[in-house]
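Which chain is which? They are A, B, C, D, E and F, in the order written, and residues in each are numbered from 1.
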Amino acid sequence: MPYINIRLAGELTREQKKQIVEEMTSTMERIAGKPREYVIVNFDETREENWGWGGQLLDEL
Amino acid sequence: MPYINIRLAGELTREQKKQIVEEMTSTMERIAGKPREYVIVNFDETREENWGWGGQLLDEL
Amino acid sequence: MPYINIRLAGELTREQKKQIVEEMTSTMERIAGKPREYVIVNFDETREENWGWGGQLLDEL
Amino acid sequence: MPYINIRLAGELTREQKKQIVEEMTSTMERIAGKPREYVIVNFDETREENWGWGGQLLDEL
Amino acid sequence: MPYINIRLAGELTREQKKQIVEEMTSTMERIAGKPREYVIVNFDETREENWGWGGQLLDEL
Amino acid sequence: MPYINIRLAGELTREQKKQIVEEMTSTMERIAGKPREYVIVNFDETREENWGWGGQLLDEL
């Protein structure tokens, strides 16, 4: 805790995930005052076809 | 916002997802008065074996 | 299953929730072929201040 | 309802899922007084690389 | 990790939450082999009116 | 999309939320290359008593 879940269309490289985890953990530590060792981040990489926005599938936009 | 997440056992075709996104977006627009362009839908297609109901795995029922 | 979670800023009346549940259940039955009695819907009504979009809080937009 | 979602790094065997569903359903029945037939359990098996803890990816720890 | 989220209609007492956390943590430890100190449990207590089942609101059933 | 959900024990001030939204949106833009206007952030502020860690309630630790 905090527990941060990030859902996105497509995939990230391992390096991108690593940097995102570093930055978001730092954000929670600096701004919310949460101890670094309690911050959990979790990624859901999903297909574009599994998202709708404004009534259309994301892969149509 | 609204953000609608749909989790189900098994898979849907692209056409089914497209129709579900259309109908659910329309439902939120008509009934909840939410602007169409803010409605987000997201599908999680999961294995039957990953669901339990009433104490049993779904694939046993 | 399916399990549908709807998160939105603000509140809905009981009547709006009732109609949304009816329509979304019907959508899953007709389009995805899911038995009506398995469709679960769950609402999260949240504060505007708890949403960010495009880098700003929703209540600033 | 209750709806229990279990996210973990790595995979479980079908037998492990079966036992977890049995025990957690029993827990909700005995302690929370929820009827057995309403308890739903859902597993998300994810990659280690998709978790961060304390600012690092789980597969680095 | 594992991260367990429990959503239910109504509220639990603190004592019920405490026992559920103990039992579910033990379940994950014994059956899934997860170290006890990594198991996180999180409760969402919600209103009956915020659940639909089989096309009706839960408080109508 | 990306859709970022942040769950934490306790509350944040409006100013903390604003800064977290700014930083996390910027992180997704710079590192993941996601257009700023698609990044959504959502906070769940919950009671300490609703979290378990290592088999105990968070408010006992």
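Operating definition for what follows: a contact is a pair of C-beta atoms (placed from the backbone, for glycine too) under 8 Å apart; a residue touches a chain by one contact, two chains touch by 3 or more.
No experiment lies behind these values; they were computed from the predicted model shown.
K.L.:
For chain C and chain F, which third chains touch each of them?
P.N.:
B, E
K.L.:
If you list every residue number at the chain D and chain E contact, are more than half found on both copies (same) or fewer than half (different)?
P.N.:
Same; most numbers are used by both chain D and chain E.
K.L.:
With chain centres taken as the means of their Cα atoms, state the distance from chain A to chain B in Å.
P.N.:
It comes to 20 Å between the two C-alpha centres.
K.L.:
In whole angstrom, how far does the Cα centroid of chain C sit from the Cα centroid of chain D?
P.N.:
Here chain C and chain D have centroids separated by 24 Å.
K.L.:
Any chance you could list the residues of chain F touching two or more other chains?
P.N.:
1, 3, 7, 20, 24, 40, 42, 51, 53
K.L.:
Which word fits the touch map of the chains here: line, ring, star, complete or other?
P.N.:
Shape = other; not a path, cycle, star or full graph.
K.L.:
Using the contact rule from the top, write out all pairs of chains that touch.
P.N.:
Per the contact definition above, the touching pairs are A-B, A-D, A-E, A-F, B-C, B-D, B-F, C-D, C-E, C-F, D-E, E-F.
K.L.:
Can you tell me which positions in chain D touch chain B when the two form their complex?
P.N.:
These residues of chain D touch chain B: 14, 17-18, 20-22, 24-26, 36-45.
K.L.:
Flag every residue of chain D that touches chain A in the complex, lowest number first.
P.N.:
7, 46, 49-57, 60
K.L.:
Write out the stretch or stretches of chain A touching chain E in their complex.
P.N.:
So the residues of chain A touching chain E come out as 1, 3, 40, 42.
K.L.:
Report the residues of chain A in contact with chain F in the complex, numbered from low to high.
P.N.:
Touching chain F: residues 1-9, 12, 16, 19-20, 23-24, 27-28, 31-32, 34, 51, 53, 58 of chain A.
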